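All remarks here apply to the structure that follows.
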Amino acid sequence: MSTAHVGHEAALGHDAHGDGHDHAAHPPHLRHHFDNSGQQESAAKLGMWIFLATELLMFSGLFLAYFVVRSNYPEMVLEAHERLDKILGAINTVVLIFSSLTMALAVRASQTNQRVQARWYLLVTILCAMTFMVVKYMEYSAKIEHGTLPGRFYAEHVQDLAAGVEGTLDRWYGGYQLFFGIYFAMTGLHGIHVLVGIGLIIWIMWKNEKGAYSSEYYTPVENVGLYWHLVDLIWIFLFPLLYLVK
Amino acid sequence: MTGLFFLADASGKGFWMPPAASEYAEHVDALFMFILVLSVLFFVLLMGLTGYFAVKYKASPTNTRSSPVSHNFKLEFLWSAIPTVLLVVIFAWGFRDFTSLSATPADALELRVVGQKWNWTVSYPKLDRECTSNSSAKGENVVDFYVPVDRPFTVQLSSQDVLHSFWIPAFRVKRDAVPNRYTGYTVTPTRPGIYPVFCAEYCGDSHSQMRGTVHVLTKEEWEKDFLGTDKCKLDPKAPDYKPKLFAKYGCNTCHSVAAGRAVIVGPGLHGIYGKEEPTSAGSVKVDDDYIRESIEYPSKKIVTGFEGKNMPSFKGRVTEQELAALIDYIKSLQ
Amino acid sequence: MTTTTLEEQIHGGHGAHPEEVDYLRAKRGIWSWMTTVDHKRIGVMYMVGTLLGFLVAGVLALIFRADLMTPDSELGRELYNKLFTLHGAIMVFIFIIPAIPAALGNFFLPLMLGTKDVAFPRLNLMSFYVWVLGLIVLLAAIIAGNLDTGWTFYTPYSIKSNADGSGNIAPLVLATTGAFILGFSSILTGVNFIVTVHKMRAPGMTWNRMPLFVWASYATAVIQVLATPVLAITLLLLMLENVFQIGIFNPAWGGDPVLFQHFFWFYSHPAVYIMILPAFGIISETISVHSKKHIFGYKAIALSSVAIAIISFLVWGHHMFVSGQSEFAAALFSFLTFAVAVPTAIKVFSWVATLYKGVITWNASMLYTLTFLFTFTIGGLTGIFLGALSVDIHFHDSYFVVAHFHYVMMGGTVIALLAGIHHWFPKMFGKMYNEGHARIGVILVFIGFNMTFFTQFMLGSQGMPRRYAEYDPVFQPYHVISSIGSFILGAGLLWTLVYLVMALKNGKKAPANPWGAASLEWATQSPPIEHNFHETPHVDTDPYNYPEIDRTAAKAHH
Amino acid sequence: MSADAKVYIKGRAADAHEAHHHVMPISTYLKVFGALMVLTVLTVVVSYLDLGPLALGVAMLVAVIKAAAVIGYFMHLKFDTRFHTFVFLSTLLFVAIFFTLTFFDLKTRDMMNQTWDSHAYARDAGLDQKPALRDTRPLTAEEIEHLKTHGHH
């Protein structure tokens, strides 16, 4: 086990836990401390599911914070989320679910030994993920410009044409900084997970190009797939709670 | 068994706890004694067995074979069921006494206690009294307040900045003071005397200096020494009412009033009325409105150079009449 | 490839192999240690690291224990607040959570399961480096200045940024990042252990033939995996509170500090079971081995570990009885707290029953185990006072609580760690320590510990609040006794370090199985070879069948 | 236990390739994707109707169905060893514990006080306008007026 592996994985942060891709005795991917590839694969899969459990629990803290703020200040949350762009949110949801589909097809392709097909599916997944981030960037820049930001950065310009009033809300008078604190925490943390996902998929694509994966050995592709589906899963709950719910 | 009697008697004389000075304290001591006796029984039983087995079955030329017994369902069932039953009893007893803290009889004396980084203020809303803390020789900020014996009083807690906790060990009562919320309890003192009060929730540098003393007075003392006198009372007509009011809310601990506008924590106030002051929201004329707003929302327009001083808001503590008096006082500092 | 049965391997039957090169000498040089993926070396590195943390935090405790001998504070209140915060943070995040699982757990889990290594060896090394990174970031927070919030970081005091954005938030943000990273190391260890226990047991080792230390480590790993992520999000939200003032926990902007306490204790109560469950595992091993008697109630102890792991997630509200939490929720948490006390009681009774009719050798490990029974029982019983609602109102945030959790954490986890170190020292380093020296250590630690912390029960019940730099002179006699006790305890622990390091250099060569134990880690040489076993061991009995057990009467009982 | 069985999984001898690879036809993936798209459109449309308190329930229901689809088919949980489903569901159990006990506290705060209602007390003492609570509710008419005259940028 050369040191390159250690540094390489540490740099990636939490990598896919199927780390069985070095070159011990026959078959090439089997690590020395496992008796056979069946045991190694099921170990890697279980490790990944447990890691997904920790991700779920981490995001559950954010969802609880959202529900607490919502139960303490219901009208404020309902009014504040009018300022979110439903259309951009919907587009992002479609893009992310589509990338989830292409990721699943990529795993299927590498399961059935079709390395070229896997490459294209992975490429489409990465492109969708990047579109997601671009749309997110557009949303965030719109918010920065309107001043609907968390905490003391909140200074929203109000133009209520009906009441013929104009002025700046800040957190002393009727500001919605609490909601946007939660909004940026949730979507920000989710965005970081999307970026890490993009990094992982690029790593998988690179390994796939070097011919590491086949129907004999595709655990890393499957584990990165599981991670990506979890990221999509969290967005499936984030989107209605933040953007839609009246 | 003599050990148990010793334990029971000792706690009476305050070996374990300060002598009980409230009804609630008597209930707590009773449950405490019940758990203590059970714990000592279990502990002596367990340690006796452990010591006895360790000595009796010590490895030796004669003792080289160990028993094959590795489980005994009846024993294991017993030593699970008995503790469970005892624990449920302890829970029920504890819960019953705990609820008495929340039951407020109609004739209860109302006390409003406000915690602030590092002193307590105890006020009697119905009697228009407010006891403020004064610092002792050792630098402790001690608030002396007075309650009649054998009459329930309700403590209504709130905090101006961080978490504090109003703990009276002699009454065995404690509750956190949480900013922007009202928490509290009701307790009935049963023994006249003077008992210490501590802040029990860590609140920063001088957490250990945030003290108080509760004076439990007999019926006559309460009528004569408290209601009769003007303890903790501020007489608006007295000539030095305004400076006393200024001190009552602790303004003097941060703002100087003498000429030269020395800076203690916040800006000096001598001669500022009518002047233009540079603030975080542009330059502002110091008029009645600005003084009122700075008392209620200190962080809105902070005089430049005093950011981060974190003056607490007095919104809701200073009455309208007191606000007017404070404004006149600052106006008079020429 | 014939698999010799456990019996033959233990007693050096014909299958015994000549001494191969052990894991310590298999590779040479610092670089081989820094890039090792051998679970044994990672365990040793963790042990050295965590014990260093213990030493530093212990010295801090002695410093402010000395200051507390007088009612006024010579250190000054601000420095005292910083010292007790560091003592708490280093002890909890750096020492006691990784100590047993990552040091002894990493070393002995694969050995006890009869496998070559943990499921993800490189992830194991990564968890060590994540721990080191977290340590460095926490040290940076200490250097950055006024971290005086206590290890609990209660808001709004831990929100150091003021309304206008000024305020020194660097120490707080660094400390929370450090704890965040250390939590990550804990998650990686947890994931590794769960997968190892599920997927890599030796042939024939069913769940009921696993040693109880493995059961305890499995339950600990489950808690680590399920609780630590919530700590991660709590610390992240606290960071956002300080940097952007989002206001969720800050009452000035509509937040709720009690909500922060819910978030914090949802992790921190299961965390105290992360600390104590591995200690239970060690005690189950040592008490059975050194009394040469099958552990009493194997199934009860194993299942109670898992039961504790689950129920520990239901009880966190008992830290908040006086915090302004709803009284009905307090009642529910108090009831559930008593539910979690029952499995712990079952364990203690089973251990005492194990001593019955045993062949007990009074070596250092057994003496520490008996000390554990003494101190942990006091810790457990005083927990009942704190679980009862009415009594806790008086005891909360007083020295009674300080005494309780030191009796459980130090009297429990640290004494069990010492019992484990003395039990497995020959296997880990291949050297025997001097039993006479060890006995002095046990006596010093026992006297020092009880003197220090038993007086604090009375301090607390008399009305001495926690975290007080200066106190009423009426409490001084208790504090003087407690401080003297802490110096004796410090001396005892230092002495233990000295004679163990001496034994490393010139201790006698340790045999494969000095205590005549029956679990798999003793079936290989001391210290073990890099791949642990010459051939995969085959298990056909549970790990508590000692030759001393009187089989003749056995038929009648089974 | 045959002596020469080299391979053991969880203490039982097993053949070399224990884990069989489950492969779904592409059509299943596309059907699941279609269902997800329909549900997404549905939840967006429903959000425009004014359902009041029901809105949260409906949105959550749709989200759970979508999540089940992703987990079951895309993540293969339906065809995977049952232990992985157990891990996933027990995680949800602990998330539920965290939510329910915290909300139990939030919803029953200050309920035990028999006669003393802290909110009533606060109201007649004129203290109910706590700075924080007042901040986060929408603007009143006179505040808008104040903004117009003093509108500060």
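Letters A, B, C and D name the chains as they come in the text, with residue numbers starting at 1 for each one.
The rule is short, and it goes like this: a contact is a pair of C-beta atoms (placed from the backbone, for glycine too) under 8 Å apart; a residue touches a chain by one contact, two chains touch by 3 or more.
Bear in mind the structure is a predicted one, so any value in this text is a computation, not a measurement.
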Pair of chains ranked first by number of touching C-beta pairs: B-C
Geometric centre: closest chain by C-alpha means: C
Between subunit D and subunit B, distance of the C-alpha-averaged centres to the nearest whole Å: 39
Centre distance in Å when subunit A and subunit D are each reduced to the mean of their C-alpha atoms: 16
Whole-Å gap between the CA centroids of subunit C and subunit D: 33
Subunit B and subunit C: spacing of chain centres that average the CA atoms, whole Å: 34
Set of subunit D residues in contact with two or more other chains: 6, 8-9, 83, 91, 94, 98, 102, 106-107, 110, 112, 131-133, 135-136, 152
Subunit A residues counted as touching two or more neighbouring chains: 35, 39, 42, 46, 50, 53, 56-57, 60-61, 64, 68, 72-73, 171-172, 178
In subunit C, residues with contacts to at least two other chains: 163-165, 198-199, 226, 230, 247, 251-256, 258-259, 324, 327, 536
Listing of all chain pairs that touch each other, if any do: A-C, A-D, B-C, B-D, C-D
Residues of subunit A that touch subunit C when the two form their complex: 1, 3, 5-6, 9-10, 14, 17, 19, 31-35, 39, 42-43, 46-47, 50-51, 53-62, 64-65, 68-69, 72-73, 149-153, 171, 177-178, 181-182, 184-185, 189
In the complex, subunit C residues that touch subunit D: 1-3, 198-199, 201-206, 226, 230, 247, 251-256, 258-259, 262, 266, 313-314, 316-317, 324-329, 332-333, 536, 538
Residue ranges of subunit B in contact with subunit D within the complex: 99, 102-106, 108, 112, 125, 154, 156, 180-184, 186, 281-282, 297, 313, 315-316
List of subunit D residues in touch with subunit B within their complex: 110, 112-116, 118, 121-122, 125-127, 129-133, 152
Touch list for subunit D against partner subunit A, complex: 6-9, 14, 16-19, 21, 23-24, 26, 29-30, 32-33, 36-37, 40, 43-44, 46-47, 50-52, 55-56, 59-60, 62-63, 66-67, 70-71, 73-75, 80-81, 83-84, 87-88, 90-92, 94-95, 98-99, 102-103, 106-107, 135-139, 143-144, 146-148, 151-153
